[in-house]
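Presented below are the structures under discussion, each in the form of structure tokens.
Two complexes come next, and they have one chain in common, chain A, joined by chain B in the first and chain C in the second.
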Partner chain A sequence: MTERGRTSYGCPPTRIAWHWTILLAVPMVLLTAMTMTQGQPLPKELRLLIPLIVSFVFLNAMFILMLRSGRIDQFRSPVFILYALGLVMMFIPNMLEVRGTVAIGAEEIVQGKVPFCHMVIPMTIIPAAFTRTIIFPGSMLEGFASIGTMLVLWLVVSIVLGRGWCSWVCFYGGLDEGFSRILRTPLIRRISPTLRYVPFAVLLVIVLLSAVYLTPTYCEWLCPYKSVTEFAAVTDARTLIQTVIFVALFVGLVIILPILTGKRTQCGLFCPMGAFQSFTNKVNIFGIRIDKDKCIQCGACIKACPTLSLDQTCLEKGSPRMTCSKCGRCVDVCKFGAVSMQIKGTPPGHPNLGRVLFVYPAFLVMAIMGGSMIQQGLYRIILLVTTGSLVGGS
Partner chain B sequence: MKNIRMIMAYSWAVLAVPLILATFLGMPTWARFLVDTTGLKVAPKFSGGEVIRTIEYQGYSTRIHEPSFDGLFGPCKQGFVQIDWKANAGSFPETISEMIDYDQNGTVDFSVVIQTQTDQVTLKALDSPVIAPEPLISIPDMKILRIRLRNP
Partner chain C sequence: MSGFLLGLSLGAACLASCAPILVPWYLAQAAGWGRNFVLLGLFSAGRLVGYGVFGILAWIIHPVIDSLRHSFVFGLIYLALGIMLIHFGRTQFHNPCVSKGLMRRIPAEIFARPGILAVIMGVLVGLNLCPPFLAAFTKAAETPSLAASVIFFVCFWAGTTVYLLPLPMVGLFRQPVAAIVGRFACWIMAGYFIYQGVLIWVGGLK
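The block that comes next holds the complex of A and B.
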């Protein structure tokens, strides 16, 4: 099934022969065609047709290259980044069209019109257990991103991918990932390993505060992504302080620090949802395996890991820390074929089988969710170019 | 034993794709199933709580929600009751004036007057649990008022 690729030294990643690649890609092509068109005939309007075709071709090209090359992150990352940008491009104009502003007013809150976001999930668990209510101003079943829908999505993805959520599904993660890739050589190279525990501390604090006040504390005070989605209308000193915090955290954690460190600092050093999601890695079938016989301890994977999930101890132990988001970068950078995606409970020696079985469901979720975001983001850009405005159109 | 574990692991990995597909294809059904089986609801702090009484008037209706004193381990010392006024044909009369018995014990708890053009609210507490009104929320066809209460 595999053939040797060309690299300058050591073992290259194992490629998959073209005929196998095509055969494996066909179901993904059909599934993405089905989900992106939603079973409807192709739109006649060019402004809708072009984004659909471009995103369809882009997604499948990335998937085919991922299968063929033996690499994961190299072809995951562009999709993940565009997915996040697509969300921002789609969300803001959409909110402007629906409610005339991106600010959430008391009206939206009392009417349960705020889209539910996975970031809230850790904060809802204790209140849900004690009061059987969800502490969020959304709708259980109706409207865009209802609570029920997002909970089902999160449950299934957590079972299937664990913290793979953070490199394949989270619609925000691509933002700090994008900024972390701007500089080839990071300006800050040393990050204290102790900082890896900060997300767990943030998680503990916000979970407890949310339980005490029965309100999603992180969303109210700390979420950097409010800056690029929606936040409470600034009406008093409290909402002004909240907005300043959102913007400061976004600029610091999602833009500046990722550029300077080359790491996903929001995801690896702050996000409580990421910390929470790490626990789901424990019950998940897919994981990274480091073959101690092949590993020459060069440390390339440690340097490359965007979430600081690898260190010397991991190389000795043969697996990353529980915070691994299964981005696959360590698999790609290891020139000695020592790092692979594995299925827990299976013997080593079949790197491509583990990789294909993992990337299939992972890419499928990303394509279903990200495909529509990229498509809608592209549509907004075309709208901007053709009409001079991001809102309006069909 | 090792082989059984290996077969189970591969089977589980292979099942991941159908599981993802089934999730997306049947999303409304799964979401409803989850909500029905867990009985989860949006917290009254955000939804206003269940509507326990609707009173019809000429041109509008008044909806009284269940008073909420939600706390993590049981009722809190303070809470609120939410009252909604919904216009039937798009607009309200100039003044809404109403006596509210939110706990339905036969005694009026407070009287409320709303100037619908200016959204000015005058609330007169007639029973000791009533503390004060929160700012009126006005949306097309609807006025929403929360009144803070002491838990009797």
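The block that comes next holds the complex of A and C.
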């Protein structure tokens, strides 16, 4: 981080010796190979083989560098951003192939053919406790994007990573993260700290409104990511207004504000799922620790934090706010080695132990989920270059 | 159930508008939180009476409301609700309930009897036309029978009361954070009501 507020990974953190790095990387290489090929022989068609090999090499290279260098965010961020871009590149052409349009019709909603996305988890489980009704019009058990699969995945990841979900697993988070990294020097540097509470207010309102009206309120009128996935077909004034809201929120919160502020504004200042995940940080065993003896209060980590989870009080307290998404940027930017990923309650002094124990499951989940998205996104690009169209192919 | 959930969804605004009465009063009592809970019980009983009265009123006017459904006027009610909530959120703790003005007219002797005062305050707050209450009123007016309308209001009362439960713990409760979240929630709810109003207009005037 320089004086002007841009991330720079300056200090040499605690490295891991090469032999340990290789040893630790072997299981990741095998697991990613297994999940990316799905146990099948390598495809013969070049258009399929190239994306598979490129994404496999890319993921494992990033992991090895992450282990070896002692840094987290520097090698997490590119994977996370490409994972989100891969989703968009994969999703839209896929919908065009299957339905001929990205818009979802009323009939499909009634039939429960909407893929379940984690954004609706707070709107699903909290009202379900009151009303004993699952309000989302998706399938309970059928397929990967079913309600059951997503809930199990969310539960396991939340126990292991807490709000790390938002920097390692969420397939949308990479979009505002990507835009937040475009400008070297952010144009807006002061953001009111009070705005950090907006996601909690959004959470409160959408959970309760969903319970009152038994509809996934957030999906119906607030989700910015509808703009790049699927939304109800515009057939009347209601769906037109909804679409205008989705696009306006996407352009504002995911593109313009992240570019101007250098922060993840959708994730840090709006997303109710992020607010919900913040509570899981309370029960999660991993956490960022700031060593008060090493810290010289330069404020570099405060400026670098993309979710506004650090302030002066945190430096004095020795830990970030509960909204920390465990991206690791503060660990990377501290030139004095004062910030580390730790297992809560353990004595300080072993920065690599907590880091490796956290990074391993976090990267594994990101690689399993993101690997296939990056691969399929690459495939679509190759398809576009070779055939002039994103749809079709095999 | 929908009355209870509506109360829960709008209770943050209730807290924002009614906490200015309860909190200073509790502080002035300088009583322990156990006693504060007893007073909250009496206060809530008073609110229940006020809400019951409105439950009956809502049922009486329901034929009128029914004919107005999906009309320009109904859209306007939602817009007014939204604008009121924005105003509540903006001025938050400095903005008094209607009942706060009435409170000033209560004879001084009553202040010596906290139990009676709690019930009176409860009734006055129950008769208060704050935005959450108006939202409940329009929803209750859609119910088919007198009993359903009163039950709706009783449930709404229960939902909003949940938000008042932490108030006796004034000293322990991190109120600034809750107040900020409540204020933002007011604005988001306002946006939702305005959105509903516009939808009714756009749809209704087609």
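Everything below uses one rule, namely that the second predicted complex is superposed on the first by the 378 of 394 C-alpha atoms of A that agree within 3 Å, B and C clash if a C-alpha of one lies under 4 Å from a C-alpha of the other, contacts with A are read in each partner's own complex, and residues count from 1 in each chain.
The criterion applied here is as follows: a contact is a pair of C-beta atoms (placed from the backbone, for glycine too) under 8 Å apart; a residue touches a chain by one contact, two chains touch by 3 or more.
Only a predicted model underlies this, so the values are computations on that prediction, with no experimental measurement involved.
In the superposed pair of complexes, A:R238 makes contact with chain C only, with no contact to chain B.
When both complexes are overlaid on chain A, the residue A:V202 reaches chain C alone and has no touch with chain B.
Once the two complexes are laid over each other on the shared chain, residue contacts for A:I343 go to chain B alone; chain C is not touched.
Once the two structures are superposed, chain B and chain C can be ranked by residues of chain A touched, with B on top. When the two structures are aligned on the shared chain, A:V29 is found in touch with neither chain B nor chain C.
Of the two partner chains, chain C is the only one touched by A:T194; chain B is not. Look at A:W221: by the touch rule set out above, it reaches chain C but stays clear of chain B.
Note: residues 130-131, 211-212 of chain A belong to the chain B contact set and to the chain C contact set alike, using the contact criterion stated above. Remark: chain B residues 5-6, 8-10, 12-14, 16-17, 19-21, 23-24, 27-28, 30-32, 34-35, 38-48, 70-73, 82, 135, 137-139, 144 touch chain A in the complex. Interface residues of chain A, counted against chain C in their complex, comprise 130-131, 194, 197-198, 200-202, 204-205, 208-209, 211-212, 221, 236-238, 241, 245.
Only residues 31, 35, 106-107, 109-112, 126-128, 130-141, 146-149, 151-153, 155-157, 159-160, 211-212, 214-215, 285-286, 343-347, 354, 357-358, 360-361, 364-365, 368 of chain A touch chain B when the two sit together in their complex.
Against chain A, in their complex, chain C makes its touches with residues 1-2, 5-6, 8-9, 12, 177, 180-185, 187-189, 192, 195, 198-199, 202-203, 206.
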